[in-house]
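Pasting a structure here, questions to come.
For reference, chains read A, B and C in written order, and residue numbers begin at 1 within each chain.
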Amino acid sequence: MSDLVEQLVHGLTLGSLYAMVATGLALMFGVVRLINFAHGEFYMLGGYAFWYAYAELGLPYPVAGLVAVAAMGVFGLVYERAVIRAILARTWHVQLIATLATSITLTNLAILVFGTQPKEVPTRLSAAILDVGGVRLAWQRLLVLVAAVAIFAGLEWFVRHARFGKAMRAVSQNREACAVVGVDVQQVALATFGISAGLAGAAAALVSPLFNIFPDVGALLTLKAFAAVIVGGFGYVRGAIAAAFLIGIAESLAAGYVSYAYKDAIAFVVMVLVLLVRPQGLFGRRIGI
Amino acid sequence: MALFETRGLTKRFLGVTAVDGVDLTVEAGELVSLIGPNGSGKTTLFNCVTGYLAPDEGRVTFRGRDVTGVAAHRIARLGVGRTFQLVSVFPRLSAIENLLTFLQQHQEESLVGRLVRAPRVRRLEAAAVERARSLLDSVGLAARADVPAGTLSYGQRKLLAFAAALMPDPELLLLDEPAAAINPTMIEQMKAQIRALHRQGKTVVLVEHNMDVVMDISQRVIVLDHGQKIAEGPPEVVRRDPKVVEAYFGR
Amino acid sequence: MRAGRFILGSTALVAVPWIVAAVLPGQQRYVLHVLIFTALYGSLALSYDLVVGHVGSLSLAHPAFFGIGAYTAALLATEAHWPFAAALPAGVGLAALVALAVGVPMFRLTEHSFAMGTLGFAIVTQVVATNWVDFTHGPLCVTGIPKPQVGALRIATLPAFYWMGLATLALVALLYRGLTTFRLGRAFHAVRDNETLAAAASIDPLKYRMLAFVIGGAVAGGVGALYVSYVGVLCPGELTVSLSVNLLVMIFLGGVGTLRGVLVGAAAFTALPEVLRMAPTWRMVIYGLLLLVIVIRAPDGLEGLIRQGSSLGRRPSGV
């Protein structure tokens, strides 16, 4: 029984990770209708930024975490300017190939700079174990879940009440109308990328102490996040979050009870099953984030 | 037996009922116009009838055969031709290749058949080219036969799309706004083409906003508003129908 | 005199092993090896271009079909001792069957989802190849794959493999030509350039997408089988996403959708790094950047740039 609970907790941790990454992907798709193939690399680079700040510079955990978020936020802005701007008006083939190419470039650059050996970044919370009635879990896992929920709540508030967040939502619902009314769509797009990348950075700061950082970590993450976005209904953030948790829990249970080796296939299997049965996603086609 | 009919055709999108229980009957050889204010469901109806959208309720029959929800390419193969509201051609192919593309599925030969009966295949190809050239000529594009369709002007592409739809000699032709966005001379040309088709015995249904065209050439006019059929009859009768006037002006 | 040039060119191609031995003595092994790889990659790139360039489906599943053909042939040859003449068709056949099975659900997805779905399939195939150690030997690799023996003919020397590669490339090029011209080519291109209109022209988009996908997958499987018969060893690392990126670079570099363009791209891609002696990681960085620049600046690749240079036929707008 405690085994099952541990698997579920692990599933929630995975779900939190996938949800944070998927939210960024869903935001980008919702606001600018673009699938960013290199999104997993935002997480990977965020992880290395966090490692550098925490392990190399010796900054305290919260500060190192904020450094990772800020670094990725800036990277997201630069990325939007350098790559996305050039492909926004092009066909999705071009967008997909361009972001795929960026993904490969970033991954291999990471290999060149950091090497292929995974970086371990244990923190006090990842080492400290909480024992609840026979169930042992690292405090870090609790932090991940709480922080994820806080982030989603914050994002929800931002998108519904903050002026800029409302602008993002408006653009995702009707881009042309926004342009006519005077919303600076370019700025909104830029900010969306900054926020999405920052989210990935936060995910990295939270989750890296539990799982390691290595150059290839982005590839599978992109796929699973995309699976969550598809299952959740393309560009619908809440749907993506729900789907991400579903995938995380399914993966953890499958790894524990079916086969560890093939756990990475679960996300894909879930995605294909949902698509065959309900191509518009679990929650149906929604307009806007 | 009517050539083409819809019974109770309904299509909904995310809470909006675009087509609402529409009953339509078109007899062979008729020239019918479908009109209505913007958003009344005309193009959605076309798309349901030609297989691009699956209706939520209702039936579509062509020559007595139920074609509700049948895929677009199969309906086209049965002898239904159409043009699109936003003019649609194959931009990288030449004008004549555009037309040939429309005929090839009607001249299918297996690979072995093509090798064995090569002379017959050659004759079929030659006949296809012949037909394509004559159609291009009839729309005035003979000089542009070998030019990539993407380089043609909007009006020329419209004529090309029209000719392409005629290439497989369809019994029923559905034209979506044939007179839109082209100059008056071309409009006259289009009207003449449509009248010529009518004289040949083809059945034509048009969606059109240009009232001059509608009143001038139609035998019968059907009016949609908010997805429902609100009037039907000869042009002069329909134009005076108070419901129609209200739909267009009185809101 | 086109026939004359064709005969001369073909003779020269066949005579390459001797030409190289005469012109670059001592380098013969290396040059032939590069040429064999070029021929195999060229065939693979052509099979991929059928799907991407001619029917417009951005599939990322090609490494999986290459891998299925490779593993089928490798395992049948080493475990069941099947002769090459049987193992090769088995590889092709299985790849075709899997393509058929995967294609049906995949083509119900649109655009991004299709690309992602095929990518997911490729990743799952790699995961299975790596983890099903009992069957595929996983990271331990399948070793000792025998050289092809067809009756009395044994292909064991480099020149022999070169001719096998050349013959394969010629066959694939012929198939490519046949599929992309005349009516079939028109149908493919109609689906690629305007699917809605293609349906109005009675052309079934699904049928033609599946046709290109299955044939492309089958050829990829065949190339996989030939590849393992040459290299002798097969590891799961051969079927990574990088292969898709490599194929994309090849076809976009040279000119997507054209025979000459894809062959040029494959040759440039395979030969160049050998010439430059780049380390694999640096190579991928360069290719990534190169692909990014090419796809943004010149979506038709070199062919497009060349065609823009000569004023033959201005291209209408739209990728």
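Here, contacts are C-beta pairs under 8 Å (C-beta built on N, C-alpha and C of every residue); 3 or more make two chains touch, one makes a residue touch a chain.
None of the values given here were measured: they were computed from a predicted structure.
Undergrad: By Cα centroids, which chain is closest to the centre of the whole protein?
TA: Chain nearest the centroid of all protein C-alpha atoms: C.
Undergrad: Where centres are the averaged C-alpha coordinates, which chain has the largest centre distance to subunit A?
TA: Taking each chain's C-alpha mean as its centre, the farthest from subunit A is B.
Undergrad: More C-beta contacts across B-C or across A-C?
TA: Per the contact counts, A-C leads.
Undergrad: Averaged over CA atoms, how far is the centre of subunit A from the centre of subunit B? Could you give it in whole Å?
TA: The separation of the two C-alpha centroids amounts to 47 Å.
Undergrad: Taking each chain's centre as its mean C-alpha position, how far apart are subunit B and subunit C in Å?
TA: So the centre of subunit B lies 42 Å away from the centre of subunit C.
Undergrad: Compute the distance, rounded to whole Å, between the mean C-alpha positions of subunit A and subunit C.
TA: 33
Undergrad: At which residue positions does subunit C touch at least two other chains?
TA: 318
Undergrad: With touch defined as at the start, can you tell me which subunit C residues reach subunit B in the complex?
TA: 183, 186-187, 189-190, 193-194, 196-205, 313-318
Undergrad: If we count contacts the way the header does, which residues on subunit A are in touch with subunit C in the complex?
TA: 35, 83, 86-87, 90-94, 96-98, 100-109, 111-112, 219-220, 223, 226-227, 230, 261-262, 264-265, 267-269, 271-272, 275-276, 279
Undergrad: Within the complex, which stretch of subunit B touches subunit C?
TA: Against subunit C, the touching part of subunit B is residues 50-52, 71-74, 76-77, 81-82, 84, 88-93, 97, 100-102, 104-106, 148-151, 164-165, 168.
Undergrad: Can you list the residues on subunit C that touch subunit A in the complex?
TA: Within the complex, subunit C touches subunit A at residues 56, 58, 105, 108-109, 111-113, 115-117, 119-121, 123-124, 127-128, 131-132, 241-242, 244-245, 248, 252, 281-282, 284-285, 287-289, 291-292, 295-296, 299, 318-319.
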